[in-house]
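In the two complexes that follow, subunit A is the common piece, with subunit B as its partner first and subunit C second.
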Partner chain A sequence: MQRSLTFNIFRHNPQDPASVPHMDTYKLDETDSMTLFIALHRLREEQDPSLKFDFCCRAGVCGSCAMVINGRPGLACHTKTRDLPDTITLLPLPVFKLVGDLAVDTGTWFRAMYQRTESWIHTRAEFDPAAQEARMENEVANAIYELDRCIECGCCVAACGTANLRSDFLAPAGFIRVARFAADPRDQRTDADFYEIIGSDEGIFGCMGLLACEDVCPKHLPLQTQLGYLRRKMGLTVLKRLLPFGG
Partner chain B sequence: METDCIAPARPRSRADGLLDWVQMGTGAALALFACMHMIFLSSVLFGAGALNGLSAVMDALHIETLGGIGIAVVFCIHATVAARKIPFKAAQAVTAWRHARLLHHPETWAWVAQVLTAFILAVFITIHIWTGLTDLPVQALKSAVRVQLGGWFWVFLLVLPALALHLVIGAWRAGVKWGLITRENRADITRKGLYLLGGFLCLSLLTLLRFRLLPLE
Partner chain C sequence: MQIIHTDLLTIGAGLAGERCAIEVAGAGFSVVCLSLVPARRSHSVAAQGGMQAALGNAIMGDGDSPDVHFLDTVKGSDWGADQEVARMFVEAAPIEMRRLAHWGVPWNRVVAGTHTYWKGGKPFEATEKAENHGLIHSRAFGGTAKWRTCYASDGAGHAVLYTMDNRAAQLGVTVHDRSEAVSLIHDGETCHGAIVRCLRTGELRAYLARATLVASGGYGRIYRASTNAIICEGTGLSLALDTGVAKLGNMEAVQFHPTGTVPTDILVTEGCRGDGGTLLDRDEYRFMPDYEPDKAELASRDVVSRRMIEHMRTGKGVQSPYGEHLWLDIRHLGEQHIRTKLREVDEICQNFLGIDPLHQLIPVRPTQHYSMGGVRTDKTGAAYGLKGLFSAGESACWDLHGFNRLGGNSLAETVVAGGIVGRNIAEFLQGYDTAFSTAHVREAAARDDARIRRIVSGADGKESVYAVREAMYDILERAAYVFRNGTDLTWGVQALQEVHERAQHIGLASDGVGANAELALAIRMPGMVRLALCVCFGALMRTESRGSHTREDFPERNDRDWLNRTLASWRPGADLPHLEYEPATSYVELPPGDRGYGGGKIIPAAS
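Right, the complex of A and B next:
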């Protein structure tokens, strides 16, 4: 039987001084295989053309349509309305700057994170444009790819307790980025080098181990595994530094 | 809290890494002590003589005095170091509470419970350590008097569940942070943690009840 869905959607335009944050309610008849992405488009086309939300690929690849869905960060295009109750509450992701309604600016945050984690291969090897690309074991390539699948949706950041409390926290997206380069044999950075990036309470030692990031990641990235791995790595690095011969 | 950009980090030092080790080490030591202490006190379930006998041996070896002072120091260090992660500012506390309410995530609520129980433990364990250390050796009758006449029965009814929760959640989170709890074994260890919580609670409440019913002769 077709359901009538009730949408409570956060509305606010931070560019407009007269705008007051509030919730608007919409009704929509559910259709087969309806996703939140489809529902939001129908709401905008049929009821309220001023409704703002981000989208691009509608296939869980671009990460643009992340929002808080009944309390949990998730992708609108990945979420079927049949998996949700009759009343659906949609909020913008916290932590990120609000663009308007459900749209937030994740790009600036991620760019700053990439700069802070120095998200590129660090090598002293001289580049030879005529040489063949260095070969890599398939196992290693797969391991790097597994950590490189982040679509920058920001769900893990929004679900992270520490990231909600402090703006300087690197957050799970930052850690998996560091883990990606730590796994790459072409990157010559040492553990001590990585400690300079994440060896603090704004880094890996600020992680409280609540695992909300792991539970909401729409790409099921191995965040829990990498958080533990990096904490052990950095914990041992700081102990080594205490030793006179530890470096 | 909303930000258009991740804030720049401060210069690195060894302090945060070392404090993380200290927090986990002192927490593990206190958890181990709490379990030993509970097992020691629960010997009263076999009679007052059992507890008094054990206590006499420990007192003769000065374990109660030296251990008590040592634990008091470790307790102070743990409370101080772990407090740096508690959102004390009103705005932060409100953010943390709203975040937990919004997310409906068990592990996030567990952290809130750990913070709340930390406040309970900080107050009452301090008093407990003081009253214990100034009235050594531990004896069944002295504890029974405190529980039956000193109003400690009601205090312990609050403190024992708080301790059990704080201990089990703390151990679980340390396991996650250091990678001992993985995606594969998470459900299994969480279930075992709940068994541990139940076991600790049962043993501690039975012991409390025994002190409550011990004849004051």
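Right, the complex of A and C next:
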């Protein structure tokens, strides 16, 4: 049975002074294996070429197409319409600056996060092109990869209560980045160094524990486990500072 | 209009662009990278398999060396590669993998002891050496004598791109995302940067640069069914072609991947077959060993794609509402393997196809995958025809891949070529001064601005950009796909010329204000059709079969007449590219011979 789908889509073009935020409604006949990638492109090409949204890889690996789908942040490219009711409401992610309609500026937000977390390996070792690579246990490599799987889609940021309340919050995507480098033996930063980045209310102590971040992560990253781990680690760092005989 | 000055401007911020940028920034120069999307969303991120480098740590790579890698690469290219470039590449690749490890890439590592691996659908045991424990491991990929592909689970592209962008951030490399170059600023001899359109606001900016790098990836999206990200529309190549002096090499050399999924064309990695996945027909019969007894599913990509089409033509394809396809079977690899080592594949099947590869077969068919053709450069990465213009990665024809590139060689090329070309650009900048003419900048910007205004207002007509694109898709699908012939190609060239004329009369249906996708595509569209013409016309003129270029009417590889590289340029006002040819390689280590797979006759070069 072919369904007729109704799309309610948020519309606003910040570049057009006459534009007023509003919702537009479109109808589309559902086809087999239809995803929001297929549906939105059909709407743009067949009904309204001014419709703005972002896709890139359309395969769930680049993180471009996050939006709020029937109230829940998610990747549009891997959302199948058969899993949704007849009426589909699409909104842009909150927290990020609006580019237009469903497109938001995640690039600027994430670049600021890299600078804040210093999202790179800190080492005094120089690369020696003539030397064999430093050895690493395969389990360690796999553990780093697990934490490095974030695709920076912004779903966890959009779903985060604190990030919606305060713009300076590092948010789950920032914490998992710190956890990734904390787990990497090549990074010579100490717990005290990481404390400088995340040991504040803008950092891990600002989390209200609502757990939405992990619920919406399309990569099923262990965001809450890592947050708990970082909190314990940072708590110990504080204790060590307070105690005269601490480390 | 805002004018931005920089030493190096890169058009594209994927692996090749950022690797160059890091080298140049590390030498103390200023760099701005342009990107259509945030840098980490570049198409490099989608590469699942890995990078080829002859480290020889894994037991199945024991005895590997750059020499063996060189032989695989040149054979894979069907002798179309520049052998001097291939030699530089294979020597530098192991060092580059170690450098990436130093920068933070979590490569999988050798675990000493006995492990079960898969080859050709059968498990076998092999014992990793204790002395190599903890060194970079490698896996099998098609067309290679040794297991040589460095990998990070099955997200090598992701892991390396994130590490690369981290490194770029550390060095203060500036990335201007949502920015698209629309023309190069040049005087016919020297390139001075680019006119760039902001994809947030639609405003034009000028970037004046002493060196400009095209690192914009491939042109796969001139085809309807492509595994490429939707941004891979060959924009950087179009800009170079539009200068009238830069040349594009081997545009007819387009690779088709055997395992694009149906219906969304999402690639499942060759690692599936490397690890033991098999191809089945409608009777669930494994047919590849009948065609390729030795390599079976692990023959090089062009061979597997061709054999699949050949087999479907015998009526053994699976019929579906989305057209004919075959099956990829990985069920026997087991839950642990599929859910961890092939997790991205597992996710693609579950999320995009709604099937579980542990219990179900995956629908696959050959799909456009890689662009061997690109901006022709010399071995240093300098473009033919324009001083100060460089290219690296998939957008370049350097030319490592000739008429067919091996899996794992392209991702490796991005970083190896990026490093080499980056060092050459830094050297170039060291002693180089140029003068920027404000008149050239003003004229270039005024020309682009006028063209955009005419598209928005519909001054030249009301052709729908989407209809023009559909017409181009239809033609390429019939004339310039896996199999080609003179009749279809002759028709294709003529039909594309008509589409090119239509592309001059595109007018918008929307207002074109702000981040408007219809306008962005309309600006690109005539250039995309010109690239399609380079593919189709180059394929028509090349009356032989070599690598991925397969002519049904000329099945032999003809070394007597065609051991050369096509160079296409576009003269102002022309309706066809101008084609000329140069020898495939001036440095010969490995004389032309039989690849050992793929079959087909060879007409030898006259001695």
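In this section, the second predicted complex is superposed on the first by the 246 of 247 C-alpha atoms of A that agree within 3 Å, B and C clash if a C-alpha of one lies under 4 Å from a C-alpha of the other, contacts with A are read in each partner's own complex, and residues count from 1 in each chain.
Just so it is clear, contacts are C-beta pairs under 8 Å (C-beta built on N, C-alpha and C of every residue); 3 or more make two chains touch, one makes a residue touch a chain.
All values derive from a computational prediction rather than experimental measurement.
Upon superposition of the two complexes on subunit A, no clash is found between subunit B and subunit C, which fit side by side. After overlaying the two complexes on the shared chain, residue contacts for A:Val20 are found with neither subunit B nor subunit C.
In the superposed pair of complexes, A:Ser50 makes contact with subunit C only, with no contact to subunit B. In the superposition on chain A, A:Met136 contacts subunit C only, with no contact to subunit B.
Residue contacts after overlaying the shared chain place A:Asp105 against subunit B and subunit C alike. Of the two partner chains placed by the overlay, only subunit C lies in contact with A:Thr35; subunit B stays clear of it. Of the two partner chains placed around the shared chain by superposition, neither subunit B nor subunit C is touched by A:Leu243. Between subunit B and subunit C the least C-alpha distance in the superposed model amounts to 12 Å. Across the two superposed structures, the residue set of subunit A contacted by subunit B and also by subunit C is 105. By the touch rule above, subunit A contacts subunit C in their complex via residues 13-16, 32-33, 35, 37-38, 44-45, 48-52, 54-64, 77-78, 80, 82, 99-100, 103, 105-107, 110-111, 114-115, 118-121, 123, 125, 127, 129, 131-138, 141-142, 144-145, 148-149, 151-152, 184, 186-187.
The touching residues of subunit C, counted against subunit A in their complex, run 37-43, 45-46, 95, 97-99, 101-104, 106-111, 133-137, 152-153, 155, 158-159, 162, 165-167, 169-170, 175, 177-178, 200-202, 229-231, 263-264, 266-267, 321, 344, 347-348, 351-354, 466, 508-511, 513-518.
On subunit A, the positions that touch subunit B within their shared complex are 68, 71-72, 91, 94-98, 105, 108-109, 112-113, 116, 159, 161, 164-171, 174, 195-196, 199-203, 205, 207-212, 214-215, 222, 224-225, 227-229, 231-232, 234-235, 237-239, 241-242. Chain contact summary for the complex, subunit B toward subunit A: residues 1-10, 12-14, 16-21, 84-85, 87, 92, 95-96, 99-100, 102-105, 107-108, 110-111, 173-174, 176-183, 186.
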